[in-house]
Amino acid sequence: MKRLLFLAFFSLVFLSGLDAADHTNSDSLIQSSFRLLSSKSFADKATAINSIAESGSSHAVLVLSSILEGDLYYHKKNKNMVLVTETTPRHYEITDPLTEELVSTKSKKELRKKYKKVGINNKLRGLLNEKLAALTIYSKDKSTRLRSTRKLLKNLNPSTVELLRDAAPRETDPQVKELMQVCIAVSDARSKDPEIQLGAINELAGSLYPEVRVLLEELKTAYTDSVAADPRLLPAVDSALRATSLKVSFYKQVENIFFGLSLGSVLLLAAVGLAITFGVMGVINMAHGEMLMLGAYTTFVVQQLMPNSIEYSLFVAIPAAFIVTGLAGIAIERGIIRYLYGRPLETLLATFGLSLVLQQLVRSIFSPLNRSVITPQWMSGSFEFNPALSLTYNRMYIVVFALMVLFGLLWLLKKTSFGLQMRAVTQNRNMAKAMGIRTGWVDALTFGLGSGIAGIGGVALSQLTNVGPNLGQAYIVDSFMVVVFGGVGNLWGTFFGAMILGITNKFMEPMTGAVFAKILVLIFIILFIQRYPRGMFALKGRAAES
Amino acid sequence: MKFRNWKIQAILVVLGMLLLPQLGYSADKIKVGVLHSLSGTMAISETTLKDTVLMMVDEQNEAGGLLGRELEAVVVDPASDWPLFAEKMRELIEVHKVDVVFGCWTSVSRKSVLPVVEELNGLLFYPVQYEGEESSKNVFYTGAAPNQQAIPAVDYLMNEVGAQRWVLAGTDYVYPRTTNKILEAYLKQKGVADEDIMINYTPFGHSDWQTIVSDIKAFGSAGKKTAVVSTINGDANVPFYKELGNQGLSAEDIPVVAFSVGEEELSGIDTAPLVGHLAAWNYFMSAESEENDKFIEAWHTFIEDEDRVTNDPMEATYIGFKMWAAAVEKAGTTEVDAVRPAMYGIEVPNLTGGTAVMNTNHHLSKPVLIGEIQDDGQFEIVWSTDGEVKGDAWTDWLPESSLIVANWTDPINCGNFNTETKKCSGQNY
Amino acid sequence: MLKYKPFIFRLLETDRGSKYFVAILLALMVLVPVCNLAVPESSAFHMPVYGVTLIGKYLTYALLAISLDLVWGYLGILSLGHGAFFGLGGYAMGMYLMRQIGDRGVYGHPVLPDFMVFLDYKELPWFWYGFDQFWFAALMVVLVPGLLAFVFGWLAFRSRVTGVYLSIITQALTYALMLAFFRNNFGFGGNNGLTDFKDILGFDLRSDGTRIALFVCSALAVMLGYFACRFIVQSRLGSLVMAIRDSEGRVRALGYRDEYYKLFVFVVAAMLAGVAGALYVPQVGIINPGEFSPINSIEMVIWVAMGGRGTLYGAALGAVVVNFAKTYFTAVAPEVWLFILGGLFVGVTLFLPRGIVGAIQKIRGMLGASRNTGLPGMAAKK
């Protein structure tokens, strides 16, 4: 109890930013544990971590979390512990973890030579997380408290339950409070007293935490086997489980639909550029995949240019990719495609050659290795609706982004004069020319637009998959399938095509496995085209015949 | 008439071009063939090995060559096209008359060149971990066999991490299939129940992992400690790990141990969400030894890039090259028939501080290390075997192959000797 | 002068290119074996085994290209899935060669191929029955691709799928086959495919004699395939087929059931591709699902376009030229060969719109040579 109050006290002090500058003997406790931290044995390190956590020092949280983050180093010779932070790329500031005084600044090479990181393994990581969770249960930040409680639920032991029993009544946030009560109930459900057990089980009914489900399953088998158990317990467990599993299977379906939509959005982003260059202009554009690739590489370059503001890099990358690939598209159109109008099959040949050249170009410039594109913080992780349903942020953003691109494009085609000219040229080139439209110019811009959109798709893909020379090849076949399935020349067709293929794929995958699902989807496309020879949204009238 | 002359001339020109590569042949140099894909899907991994061989050739030349002769590398590009591997192998041996070939990455490329290298009695060093079940007279396997990677990794997870439930996830091709079969047999023998093993295969370059990761999450929330053994190949790894990170599966909850993810693969990934996941190899760049420091420095100088990493197949190439050079010195010639027996028992310091030995089954003895991914893309070595593990060409865990042994010295002198029937099967030469 | 000319001469007489083509094939059939077997190794004219298998491979590609040209150049169907038929023919032959290994596999199993032993097959899957007989395998080489083409074509042509839609679903076809064959539990060896062949019809595949025999067979197959296609093209059926290519609607309006003619030609082309695949496998020594990859099929289209579509021999020429360029540049300039190859494709499309053959004809036209070799009925606007 005394320890708890102390913990509460120092957390408040520490987190409110007031530096408890006095070097109490708790700091010297930490100091003495440092020697063990530089040991090679993980068992020694565990001992050190335990004693730091129990030192009660205000620096414990900082030290433990810096071990976790991999920022704590020791001098190879004198074994002094230091905190290392990267200030600018390849330059590091070295500070003392207890006094927080600057010791020196070092380059990457010097750092590697003189200092060594305190290495940890998963066991230690688990231990650190557990200790940190207990230390931060009174944190001022609500999300920290929530995270800590969630961590504690995973690994309940008598001392942490004790901690939570104290914290729960004082908790003001309902969400955290509820979670704390779940923790307590989970512990109570194992109690010896059937009354307490019964109450806890009823409280847990319908709770979606996997830990709760595991517990209930466990209790169920225990009660089914034993005759000594209280007769009221088994039905209570049963009904609690039923309530839970019903909800879980419902959320599973919701999750599946989301997976389908997000796969559909990826397909849409990959294919929508092709819907312009191939669908509207009739160029069998085999270099489309390489436009995706260029967009992804643009993201990489943008991130290299602004290493300190990765969070915003995507907002720069999207227009940059549009411009880069758009210009590349215009260059391709003016340099090659314009000589090939009326010979669509020859465009296949030329653009295929071009795709080989672009791939090798990227290989020569950026090396054949994949490049690492960093996912900004706001796009990582997942949004937890409830413990049974969490949707990943990057997928959600991509769904939204795909829709934005689609609607933006529709607006451009339907509502602007450029869109009007573009449609005029593709429908009847000669007539458009006669009306004074500069058809060559419109062609170049249209191809540039399609390529630019592909570049934007590439930015999105860079957040999901490898950025390497083979990126384009992985998507080109799928893109053609989507466009043709939806109906050439129709953006809505591309949209529905992508979504239907995505959802079909995701609903078949659990039943048939990923490979077979894909084969079935392909057969489905073949049969569909056989039934509807012009895709889902066939163009009607005279335009369809040309 | 005039036209026909022109036609004949054209044919002669074409034939002449075919023969052209032969003219560049010079007798006094020792030729080292390099058969790694520089384009196509495998260029990602294989280009590095080509550079490694070139570096080793340079080093050897600076040290005075071999047998007083200079070394010359002959580089060709099989372009990730498996039949082309066989064709290029024939070209290297027949046309360029190379003395040794370093090459191949995928199993299928090795299987493709195997008949050629055996027919022409060439010498191939294969530097990648693979599924075993093979021992050819003309091939030295310097990568890990399953017992040098998969089995120790599972032992580690079982004993040190306490895993009780297992997900075996792999790309659908021979290496994962064989490895998973071996592991399944091994786990069952250790008393793991059927329902505690989940096996999943995905196509090459699979990029949408949402469903599978969500399944793993569900499988792993059954209360028992769960571990994933991943034999997922190359390109599919990045989206897999990204999805793992985003769906919140951390290494403490469900550790993933991978057999195909090394430093180089990590250099293309944002490693922050992967910290703590594991890999099993015979070498990590973070290994502390003098040889390793020297190797890394030489590599950085050669490639002129301080940020390039080193990895296990590079070490395997390094060991293979050093061994071949030592065997050539020992034999006093580059003749394959003399070099091959000279290889057996040859010792070369490996980069992790021990010694690698070439065994008579054409596989190495090497230590096995387990590393955890750090946020800087390096591995922290968390476990290693006590000594070197001898590579086993034919696994003991599958009924058919447990009967077979490989030994290329007398009296067996065969790559697949059946201990029951006392016969050698499948030998071409 | 003979009143009645033999059938083959009639096929050739209208076309000068054909005569050269056949002459070159005959020359190869004689020269290559002689250069390999009779000329001593020290001589500059000796042809190494490497060269024999290489040219043999080119010849199988040439046959494949001819069959593709039949559907593309004359029928007007751009098949982006021709590799499917090639691969299936190859697999049929590969299965025969696998069965020929018998108990000489590494596990020494009398019936099962090695990959089945370690994937725990207890007995041979039903679709492997019969492949120990050469006649059966040979039948399957043409039957399986033919049947697939028949079913696929019947579905597609009947419902009048045309143009890019047809192209893309042929691509879907080969893509689906690739994924299926990649699956290990499909029973065809997965990614590794079929390899480590030992002998064919009892002859050792590694002996020079067998190689030469295979080479001559390939050359012969190209010639026969060429004659078959020529025959189709110059028959009444051929005129009809070209009429379909140029204006399908009108042919239909005249009362022809165009889908049957299309189907016939499509099936014949698929069978020829199957034969090409069957000859390819024993010469390169491996067949794996990579042959089904969509990119491969696109490359085939490029061979045809490069050589000159709608001439048959042009397609063969294109196949040889592109593949020779590939072999040559991957050895001479491994780092930049894709630039060269890609640039070549772009250049040819821009500057040689009718391929190499078209360019030669143009030059000859300018030199005043006879013009009777023009593309038969090729409408200029397409």
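Order as written gives the chain letters A, B and C; numbering starts at 1 within each chain.
The criterion applied here is as follows: a contact is a pair of C-beta atoms (placed from the backbone, for glycine too) under 8 Å apart; a residue touches a chain by one contact, two chains touch by 3 or more.
In this text the structure is predicted, and so the values were computed from the model without any measurement.
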item: Pairwise touch network: line, ring, star, complete, or other; value: complete
item: Core chain by centroid distance, with centroids computed from Cα atoms only; value: B
item: Chain A and chain C, separation of their C-alpha mean positions in angstrom; value: 46
item: Distance between chain centroids, defined by C-alpha means - chain A, chain B (Å); value: 31
item: Averaged-CA centre spacing for the pair chain C and chain B, given as whole angstrom; value: 34
item: Overlap residues in chain C, where contacts from two or more other chains coincide; value: 179, 182-183, 335, 338
item: Contacts with 2+ other chains: residues of chain A; value: 359-360, 473, 515, 518
item: Chain B: positions in contact with at least two other chains; value: 38-39, 172, 201, 203
item: Interfacial residue positions of chain C with respect to chain B in the complex; value: 20, 24, 27, 44, 48-51, 53-54, 57, 103-109, 114-115, 117-120, 179, 182-184, 190-193, 195-198, 206, 284-286, 288, 290, 324, 326-328, 330-332, 334-335, 337-338
item: Residues of chain B that touch chain C when the two form their complex; value: 7, 11, 14, 17-19, 21, 38-39, 75-79, 81-84, 86-88, 90-91, 94-95, 106-108, 111-112, 114-116, 119, 133-134, 172-174, 177-178, 181, 201, 203-204, 398, 400-401, 404, 415-416, 418, 421, 423, 425-426, 428
item: Of all residues in chain C, those that touch chain A in their complex; value: 78, 152, 155-156, 159-162, 164-165, 167-169, 171-173, 175-176, 179-180, 182-183, 294-295, 298, 301-302, 305-306, 335-336, 338-339, 341-350, 353, 381-382
item: Chain B - residues contacting chain A, complex; value: 38-39, 41, 43-44, 47-48, 160-161, 172, 200-203, 205-208, 210-212, 214-215, 221-223, 235, 238-239, 242-243, 245-248, 251-253, 255, 264-265, 267-270, 273, 275-276, 278, 306, 372, 374-376, 380, 382
item: Residues of chain A touching chain C in the complex; value: 278, 284, 286, 336, 339-340, 342-346, 348-350, 352-357, 359-361, 364, 473, 477, 480-481, 484, 488, 515-516, 518-519, 522-523, 525-527, 529-531, 533-535
